[in-house]
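First up is the structure itself, then whatever we jot down about it.
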Amino acid sequence: MRFGVIGAGRIGKIHAANVAARPDCKVAYVADVDAAAAAALAKSTGATVSAIDAIMSSNAVDAVAICAPTDMHADLIEQAARAGKAIFCEKPIALDVERIRRCLDVVAKTAAPLMVGFNRRFDPNFAALQARIAAGAIGEVEIVTITSRDPSPPPISYVARSGGLYRDMMIHDFDMARFLLGEEPIAISAMGSALVDKAIGEAGDVDSAVVVMETKSGKLAQISNSRRATYGYDQRIEAHGAKGMLSAGNLRETTVEFAGANGIVGDKILNFFLERYALAYRLELDTFVEAVKAGRKPSPSGEDGLAANRLADAAYLSWREKRRVTLA
Amino acid sequence: MRFGVIGAGRIGKIHAANVAARPDCKVAYVADVDAAAAAALAKSTGATVSAIDAIMSSNAVDAVAICAPTDMHADLIEQAARAGKAIFCEKPIALDVERIRRCLDVVAKTAAPLMVGFNRRFDPNFAALQARIAAGAIGEVEIVTITSRDPSPPPISYVARSGGLYRDMMIHDFDMARFLLGEEPIAISAMGSALVDKAIGEAGDVDSAVVVMETKSGKLAQISNSRRATYGYDQRIEAHGAKGMLSAGNLRETTVEFAGANGIVGDKILNFFLERYALAYRLELDTFVEAVKAGRKPSPSGEDGLAANRLADAAYLSWREKRRVTLA
Amino acid sequence: MRFGVIGAGRIGKIHAANVAARPDCKVAYVADVDAAAAAALAKSTGATVSAIDAIMSSNAVDAVAICAPTDMHADLIEQAARAGKAIFCEKPIALDVERIRRCLDVVAKTAAPLMVGFNRRFDPNFAALQARIAAGAIGEVEIVTITSRDPSPPPISYVARSGGLYRDMMIHDFDMARFLLGEEPIAISAMGSALVDKAIGEAGDVDSAVVVMETKSGKLAQISNSRRATYGYDQRIEAHGAKGMLSAGNLRETTVEFAGANGIVGDKILNFFLERYALAYRLELDTFVEAVKAGRKPSPSGEDGLAANRLADAAYLSWREKRRVTLA
Amino acid sequence: MRFGVIGAGRIGKIHAANVAARPDCKVAYVADVDAAAAAALAKSTGATVSAIDAIMSSNAVDAVAICAPTDMHADLIEQAARAGKAIFCEKPIALDVERIRRCLDVVAKTAAPLMVGFNRRFDPNFAALQARIAAGAIGEVEIVTITSRDPSPPPISYVARSGGLYRDMMIHDFDMARFLLGEEPIAISAMGSALVDKAIGEAGDVDSAVVVMETKSGKLAQISNSRRATYGYDQRIEAHGAKGMLSAGNLRETTVEFAGANGIVGDKILNFFLERYALAYRLELDTFVEAVKAGRKPSPSGEDGLAANRLADAAYLSWREKRRVTLA
């Protein structure tokens, strides 16, 4: 499977490396407006630098990995779909839900395989937890609890264009909640504050947020986000059900513990998503490749991307208007 | 300090035993409509069976421990306050907030010492966590997360008269949230379902519930409750702040772990509140006695009781009317 | 059951309080050469100060708790046995194995119930571990591993008269090894050093020690001792068997953990035996009382005391002569 | 750096893959008596199949990775040393200590870089623990405790030619003990039994073993081995010192825990050395390459290999002759 990788930034490098590491795949082309970045990534993966249009129209490309800025995602997906490529796209498809819908219409017409990059579903810990729910380990899921905190806030410039915490950060947790609940939330109530950095508040966003959701059958979910955690990249999940509770916790740098006069000191947790989710990114790419090769619709799908964005919009609305929001 | 214990049921026995165990205290009298229960408790604590009015008017009684049914609490507090007794009363003061207010007015006029039995503040784990927050260990508190689940649901008859989950169960968590936040919540949004037992739903209550709250300065809290946890009495707290996170977890029956072909199996957590909070009840009583002896106003106070009930009412309203509720 | 408590020191106080707390028992008399200590303990337990001979000959005494200095134990046991009392005696019966044998001969002739105070068998964690071995949870025990470290070394004066580390400290671990192995060790090899305090070495003893033992059927045990652990009173056990491993660990002061920039910091472990084994002492006394009331031979018995001392002697010999020692 | 890999079995594949994954290294040639195995490994690493003598004399080979059967190691090391290659050799150099000495004499004369494959030193957990000892975290090391258990016993045929448990399995622990103690053991006492499989005992070996060792300055070490652990590949270390204790534990398959009616069930530990030490093998190879490129003597050295074998011999002697053995 020959890939065109569009975007040679941080996430483009991860996906390109994972493609290159598979014996049955190849990074054929890399495109980026930053010529140096494109050249470097092409070199490290044995690819050729090219332009987006050339990649899209090349017969030597079977799949594209869209790792460009968010505002290009929907256009690129449509272009790739029309060109008959299999598409792996980083989340979100777009910030605007209507734009996502139009994009998915195009994809539906072309029947192009599309997978959206919710990498956390592929974290071996979270994937195992979900698999055990699916196998009935806790019976019906009743309450899902997701904790997700970044080690430190992004630059204000990022906050301004990212759509804000609910859309750029909590979107992962909305997807995870759906993944674990196995049902769509029908109502949401969000609270949030700028406690970490006043400038985030002045930019019209929050850096600390909690959300509750419920599904039609009454299942409940709660999410907690912060843009700062002194102890590292805090990524935890609990699912409580009729037969028990499953939880998946953080990964520590090592298992070393020091017992001394001040207590028992365990190692720090992994500090950021590139470390914590390195394996998840690889398994995500593997899943995409295997699905495309087998002719299966990849999951998480474009519809999963849409659903997460709708929840993010609803959360943002709930926070801004200080009210509970119902989803149609 | 000579106590009159009013109510010889499960909780009355606990408090009476803790009074009797102190060398500086004595259970002088026990009253209960169930004569056999009163006699048994009087015998085991070296006390005399008496009647409520007699206890209230006795010069040989310095303090009363009100462990009678909830609907008697407010009347008994007023009677005891007018009689000049120090008052320890189980939560809640009343189910009706206006009744609580009138009761506290009487207490205020008499200046009687009044402590409300939020026992969890005295759990050594939670008390240590709060003390470390107060000492600045995590800087400003930003997000408080409370998980509280009972091993199994109460009888429907109890649900009918208890005021429901938000008022009989989550009230402890509202008090804990206030204790840890150090600020009053000004808004609340509650969701809840009857997932454990349909009969609870038919009785107009929920058995699974999640709540989010915020304070004026933007601090956030989330609470999760269930009337059933197959793994025992789940009682956990997290407080996330500018400098780090403090957490306090469950207590296991023993430290024994079995490593075998199916994984590493740790012991169950303590199964119910009598075991989990046995020490908390003792420390609570000690705190009451020490405060009264020293002439300090006991804490948690009647006002703490009122505040927790107001939050419970707001949660119930939020759940019933499916909206976010603002507290004046 | 009416007790005479002989010795009003640290351990005497513990046992006396546990006797006094039982509704079916009473501390009738207390004896100690330190009159003030005897008076204080008598007062706190509702007893009367008396003399050893008077206690032994009193018809108002059913049982004696021997908490006097070690060099008095054997004489007191014999005196009590001849007086027909049930006997609870702190370990060891004597430092000299021949003296223990003679003492047990007297006990055997009188058929007096005798229990030796190996309190750790009654620690709920270790007791549960042993019960699970007995119930077959790990199949045949193959390797027992015991770690036992004190927070800080005793005064040199104590080392001089205690018989040394193998006899005053590791004796508990020898008893625990026998308790868990269910077989007698037939060979032992000990190594030890004075690493904590040179003065201990100069006094002819060690403060750090490791031992290996084997039984006739080839079961293995290893013990590790240190007179100093900066992190508290380290008391751990592992039992490895054909079907898995059971372990029992330390108890922490609270469950509170702090996650911060330097890692995850858990609370210290309980710092000394009075805290760690408070419950074990109570259950030990309960076991003695129940056995005597039921007419059962109490366990651990005098023979258990003898066996532990024999192992301690063998360990000391192994260390001093730098050789493996075989037990007859 | 161009490698000749000698031996295309399980361990040869690991080292070859790690060589191939480095951009600055290349597997040039692979040799194995099993032509199919050699061909498969050559194919997967982009190498050419060759013969040992050809590899040794090739100017296109800078280093050899010796992954052949143990009885060929010493000859191959000598041949490679004389041919001026850098040498990475799996442990042990030979089963016979005199043969190891002669081999190291040859290496010393040629000044060829030689590293012996004690992979556990490179496990990130154990490496971090050792680094913290070296940085003074616990002050002087006093007691090192190593637990090492395989999930299941090897075939009897392996036991017969491996030199036995002390030489093929515990040798890793002897190296680890030396690594952590920072001093040479001067005495050892070993006990062992065939508890897992009688056939192992009939073959003259043990499958369960414990050892104690001491150094000149009195530092102590204890090792526990079993050929079977139902719960997986048990690999743990503790180092107790003047300022505290460091420990490093097992790795679990995931962080998922299930809380249910039977307790809290954590995931199994990693089941075998290929999983547990995959990263250690990579870091080991990296260390070898970096040392050779920088002109530094690689560590662990041939002398480390010799020292571990001497301890294994002493342990075997101690076990067989039932006595403490002193090392010169």
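Read from first to last, the chains carry the letters A, B, C and D; within each, the first residue is number 1.
Following the convention adopted for this analysis, contacts are C-beta pairs under 8 Å (C-beta built on N, C-alpha and C of every residue); 3 or more make two chains touch, one makes a residue touch a chain.
What you are looking at is a predicted structure, and each value in this text was computed from that prediction instead of being measured.
Shared contact partners of subunit A and subunit B are C, D. Set side by side, C-D and B-C show the greater C-beta contact count at C-D.
Using the mean of the Cα atoms as each chain's centre, the chain most removed from subunit B is D.
Between subunit B and subunit D, the centres computed from C-alpha atoms are 58 Å apart. Note on chain placement: the centre of subunit B and the centre of subunit C lie 40 Å apart, centres being C-alpha means. Residue positions of subunit D touching 2 or more other chains: 229-231, 234, 243-245, 259-261, 267.
Partner subunit B is touched in their complex by these residues of subunit D: 229-232, 234, 252, 259-269. Those residues of subunit C that touch subunit B in the complex are listed here as 124-125, 128-129, 132, 137-138, 243-251, 253-261, 267.
The residues of subunit B lying in touch with subunit A in their complex are 140, 142-143, 145, 147, 149, 187, 189-196, 208-214, 217-222, 224, 226, 228-231, 234, 240, 242-245, 322-324.
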